[in-house]
Structure formats: structure tokens, C-alpha cells
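The structures considered in this document are given below.
What follows is a pair of complexes built around chain A, which joins chain B in one and chain C in the other.
== the complex of A and B ==
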């Protein structure tokens, strides 16, 4: 039975949270209805197409988010989404997003970072993040394939001298040379794509120690 | 020999920033969600490197000679941003003029350009202009993708 569009307030702050093309629609409950048994229904629209489409898994849901990654997986298209609140027989008007353009708006997640050390150097190997995929069995698409100009901002912190420096690299391997032996260095990496500014998500900080200086060890003996 | 050899250098970041400042306001005024002007899947997405220069030239002319002229903007803040974008496009047109030899137009680019102009003509002119302005991010993303040497880092 369709609900009656009444004075029920709309959900607020409806936006897409997009990371590596995993596109989650999220919103806040309507104001002033704390404790009420509110449910939500979501629809989406492909810009330039003909009509709003239902997302069956997001009909009469209690949660305030809906995964629209599959429906918005063609990242070169643009989309709208909308959500309405339902309470008993009453429902709010639709709350609608602005035009969502995954290709320009998705956040590029951090790469995988592998570190190996030597006495005075650290080798860093980066693996580009993967695009969201529906099934784990599907073949992976690297975000590098979508953004061929993908770069990385590598930040390095010397815990002994408290000095931090960073380098912007395009290839996937980097050797930090002329380091101090027997010193702990911490590394953080962000993925960057030239173009409109986007939010970034740095990698987990990883710390490793350079090896002891073998030559000074021999002299001591 | 793609756009790289034609578009010497233009600061795409500045244009993108100007667009970002008006995107929400302009796209909100475009209420015809079921219609597009640029129709990227028919026009831009399949474009070969050989046709990039001509397509860029045609689209710059589309915006400079048609869209910016047809659009009437009352908000001075938005008007300033649009003017900044228009000036950048005029600059890009000048740089493209320096490589006429490399910028010849094949049927593919001509057909794609006609689709865009036909889409534009089917709408009331103010709506068409607003919609085209709202689709600038599609054009800018296409330039960025097809000419990575363009933007000053």
C-alpha cells in the first residue's frame, strides 16, 4: 500500500561516499523524529536516461545507507539518487543528491606498501588499489587502469632525527638511500590523481628499522 | 599523435576549480535529468587519439560561440567563474590554432560534434545553455584523460 506523502520531514545530508568506485549512498534521519520507527526507500537515476529506478534491497530499510556500487559501476556516467522516509502510512518528500560523477569524485584508496630494509636503504614496493568489484571471483581492475596518471605521495619519517620528507612517484618501486643504519623509519603513502581536488586516504603507517652497520661491528671485535 | 602535441599547456586546475565553484548551483538549475547535451557515450568516450584535437577544437568553439553567449547569469559570483572558464577556453583555442596541420577533422569527430549541436538545438536555448554548462566536468575530464601533459602539476 503506497504511503501518503505528508508533512514528514525529509532525510538530510544525502551524499555518496565513494572509495575506489565503491559507491555508498548515505543520509541522516529526518530531524525531530528521534525514537520513531522510521524506514527508508531509495531510488537512483542515470543522467540522460528516462526514469528513476528502484533499488529493491533498499526498500523499507531501517539503516541509513545503501550500497549503489553495482548500479553506478559505469564510472563515466553520472547519477542521481534519492531517499524518502516512511513512518507508518506517512512518507516524506524525496531528498535528492546532486549529480554524482564517480570518475571525478571517487576517493582513490592507498596502495599496498611492502618494505624491505638494508643497512642504509629501504626498498618500497607499491601496489595500486583495486576498483570495487561485485564478486570476489571477478577479475580485478586496478585503479591504475582507470587513472593512468595515478601517482603516489610517499612520506618518510626518521624517528631518531624527527625529520619528515616526502616524494611524489609514478612508478611502483622506490629505494630510499643514504639512510642512517640501525634507525627506525616510518612510511605513509597516499594515492594522487591530477584533476579536480579529491579527498585522499593515506595508508596505514608502517615502521621498519635499517640494519646495524656491519663495518663498525667488525672493528669493535 | 594525440592532443598532447596541440594543446601546449593550459592550467586545467584553474578551470576545474572555477567549475567546482559553480557546479552545484548550475546543475541544480538543470531540471531535465533525462536529457544530456554532450552524450559522452555516443560522442567522447569512443574517440580515437587521432580525433582528439579536432574534437577539442569543435567543443571549445561550441562553448565559446554558443553556450557562453546563450547563457544569461544574474549571480555575479557565478558570472565571474564562467568568465574565467570562457577566457581559459579562448586561450586554449589560440594554442590549438598553432597546430592546424595536426588538427584535421575526420568524419568521426564531425559526426560527434553534430550530435552535440543537435542535442542543444532540441532544447529551449536557456535550458540548453545551463545544461551544457553543467556538463563542463565531462568535457574537462575528457581533456584531462586525453592530454595528461596539459595540466600544470
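== the complex of A and C ==
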């Protein structure tokens, strides 16, 4: 039985949270209805096409988010989504997102970072993050394949001197040379693509120590 | 520094990041005015598989149309929506790019330029099918699609 569009307030702050093309629609409950048994229904729309489409898994749901990754997986299209609140027989008007363009708006997750050390150098190997995929069995698509101009901002912190510096690199391997032996360095990497400013998600900080200086060890003997 | 390379056409002196920032500052305001969401002017099939050789002809036609039709007639709206700074940044940079494009006119380029022209006419045809004001608003709001396509030629 369809609900009656009444004065029920709309959900608020409806936005897409998008990371590596995993596109989650999220919203806040309507204001002033704390404790009420509210459910929500979601629809989405492909810009340039004709109809709003249902997302069956997000009909009459209690949670305040809905995974639309599959429905918005063609990142060259643009999308709208909307959600309405339902309470008993009453429902709110639709609350709608702005035009969502995954290609320009998805956050690019951090690369995988592998570090190996030497006396005075650290080798860094970066692996680009993967695009969201529906099934684990599907073949992976690297975000590098989508963004050929993907770059990385590598930040390096010398724990002994408290000095931090960073380098912007395009390839996947980087050797930090002229480092101090027997010193702990911490590395943190962000993925960057040209275009509109996007939130970035830095990698976990990784710390490694350069090896002791073998030559000074020999002299001591 | 970086430059546009639309096939043989090279354009230096334009910082694409500034165009992005200008558009992004007004994106929500501009796109919210577009109520004809069932129509997309710069459709995927128009922008897909544009050859390098074609790209100079195509971008020249598009920018000429944007400057002579869209920017020219959207100015009053830009004032009304208080987005004049973004509007000017984009208009001036489009004018600079267009002034530096030199699509070759030799006979052997005719078939390539015709391909590009067909693409442009698909865009222009969709534009003309809409109400004038709605079309201006829609084209202005689709500059993120245009800039995304241009980004591929920016190195």
C-alpha cells in the first residue's frame, strides 16, 4: 500500500561517499523524529536517461545508507539518487543528491606500500589501489587503468632529526638515497589525480630502520 | 609546464587545474538549475574514441560554440547566480585555447574533419532540440564532462 506524502520531514545531508568507485549513498534521519520507527526507500537516476529506478535492497530499510556501487559502476555516467522517509502510512517528500560524477568525485584510496632497507637507502614499491568490484572472483581493475595520470605523494619522516619531506612520483618504484644509517624512517603515501580537489586517504604510516653502517663497525673491531 | 596536445595542435599557457577549480566552485549552483535531467548533451558516444587527429577539429568547434553561444548568452545568469568569477575564468581560458588552435585545412584532412564535425553536430542538434534557456543551463552544467574529456589531452 503506497504511503501518503504528508508533512513528514525529509531525510537530510544526502550524499555519496565514494572510495575507489565503491559508491555508498548516505543520509541523516529527518529532524525532530527521534525514537520514531522510520524506514527509508531509495531510488537512483542515470543522467540523460528517462526514469528513476528502484534499488530493491533499499526499500523500507531502517539503516541510513545504501550501497549503489553496482548501479553506478559506469563511472563515465553521472547520477542522481533520492531517499524518502516512511513512518507508518506517512512518507516525506524525496530528498535528492546533486549530480554525482564518480569519475571526478571518487576518493582514490592509498596504494599498497612495500619497503626494503639498506644502510643508506630505502626502496619503496607502490601498488595502485583496485576499483570496487561486485564479486571477489571478478578480475581486478586497477585505479591506474582508469586514471592513467595517477600520481603518488610520498611523505618521509626522519624520526632522529624530526625532519619530514615529500616527493611526488608517477612510477611505482622509488629509492630514497643518502639516508642516515641505523635510523628509523616513517613513510606515508597518498594517491593523487589531476582534476577537481578530492579528499585523499593516506596509507598507514610504515616505519623501518636503515641498517647499521658496516664500515664503522669494521673499524671498531 | 604542461600543455594541451590535441593531435597536431599544441596549446601552452593554460593551467587546467584553475579551470577545474572555477567550475567546481559553481557546480552545485549551476547543475541545480538544470531540470531536464533526461537529456545529456555531451553523451558518452559523442566523446568516445575521438582520434588524436580529430581532436583538434572537435575541440575547436566545441569551444567556438561554448564561447559564441553559451557563454555569450549565459552572462546574465552568471551575474544573477553570483558566479561571475568562475564564469570569467572559464570563458577567458576557453578563448585563449581557441585562439591557439590551428586545425589544418588541407584536403587530405577532409574526412577527419568531417568525422569531428558529425560529432559536434550531434551535440549541437541535441542542444537545439531543447528550450533555449534550458539548453544554455544544461550545456553550462556539463562543463565537467567537457573538462574531463580535455584532461586526457593535457600533458
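One rule holds in what follows: the second predicted complex is superposed on the first by the 221 of 221 C-alpha atoms of A that agree within 3 Å, B and C clash if a C-alpha of one lies under 4 Å from a C-alpha of the other, contacts with A are read in each partner's own complex, and residues count from 1 in each chain.
Just so we're on the same page, contacts are C-beta pairs under 8 Å (C-beta built on N, C-alpha and C of every residue); 3 or more make two chains touch, one makes a residue touch a chain.
Quick caveat, the model's predicted, so the values are computed rather than measured.
Enquirer: When the two structures are laid over each other on chain A, do chain B and chain C clash or fit?
Expert: clash
Enquirer: Under the stated touch criterion, which partner chain does A:77 make contact with: chain B (first), chain C (second), both, or neither?
Expert: Once the two structures are laid over each other on A, A:77 reaches both partners.
Enquirer: Kindly classify A:98 by the partners it touches after superposition: chain B alone (first), chain C alone (second), both, or neither?
Expert: Once the two structures are laid over each other on A, A:98 reaches both partners.
Enquirer: Which chain A residues contact chain B in one complex and chain C in the other?
Expert: On chain A, the residues that contact chain B in one structure and chain C in the other are 45, 47-50, 76-78, 80, 98-99, 101, 103-104, 149, 194-197.
Enquirer: Considering the complex alone, what residue numbers of chain A touch chain C?
Expert: Against chain C, the touching part of chain A is residues 45, 47-50, 76-78, 80, 98-99, 101, 103-104, 149, 194-197.
Enquirer: Which of the residues in chain A come into contact with chain B in the complex?
Expert: Checking each residue of chain A against chain B gives 45, 47-51, 76-78, 80, 98-99, 101, 103-104, 148-149, 194-197.
Enquirer: Would you pull the chain C residues touching chain A in the complex into a rising list?
Expert: 16-17, 20-21, 23-24, 27-28, 31-32, 34, 37-40, 43-44, 141, 144-145, 147-148, 151, 154
Enquirer: Which stretch or stretches of chain B touch chain A in the complex?
Expert: 12, 16-17, 19-20, 23-24, 27-28, 33-36, 39-41, 45, 134, 137-138, 140-141, 144, 148, 151, 153
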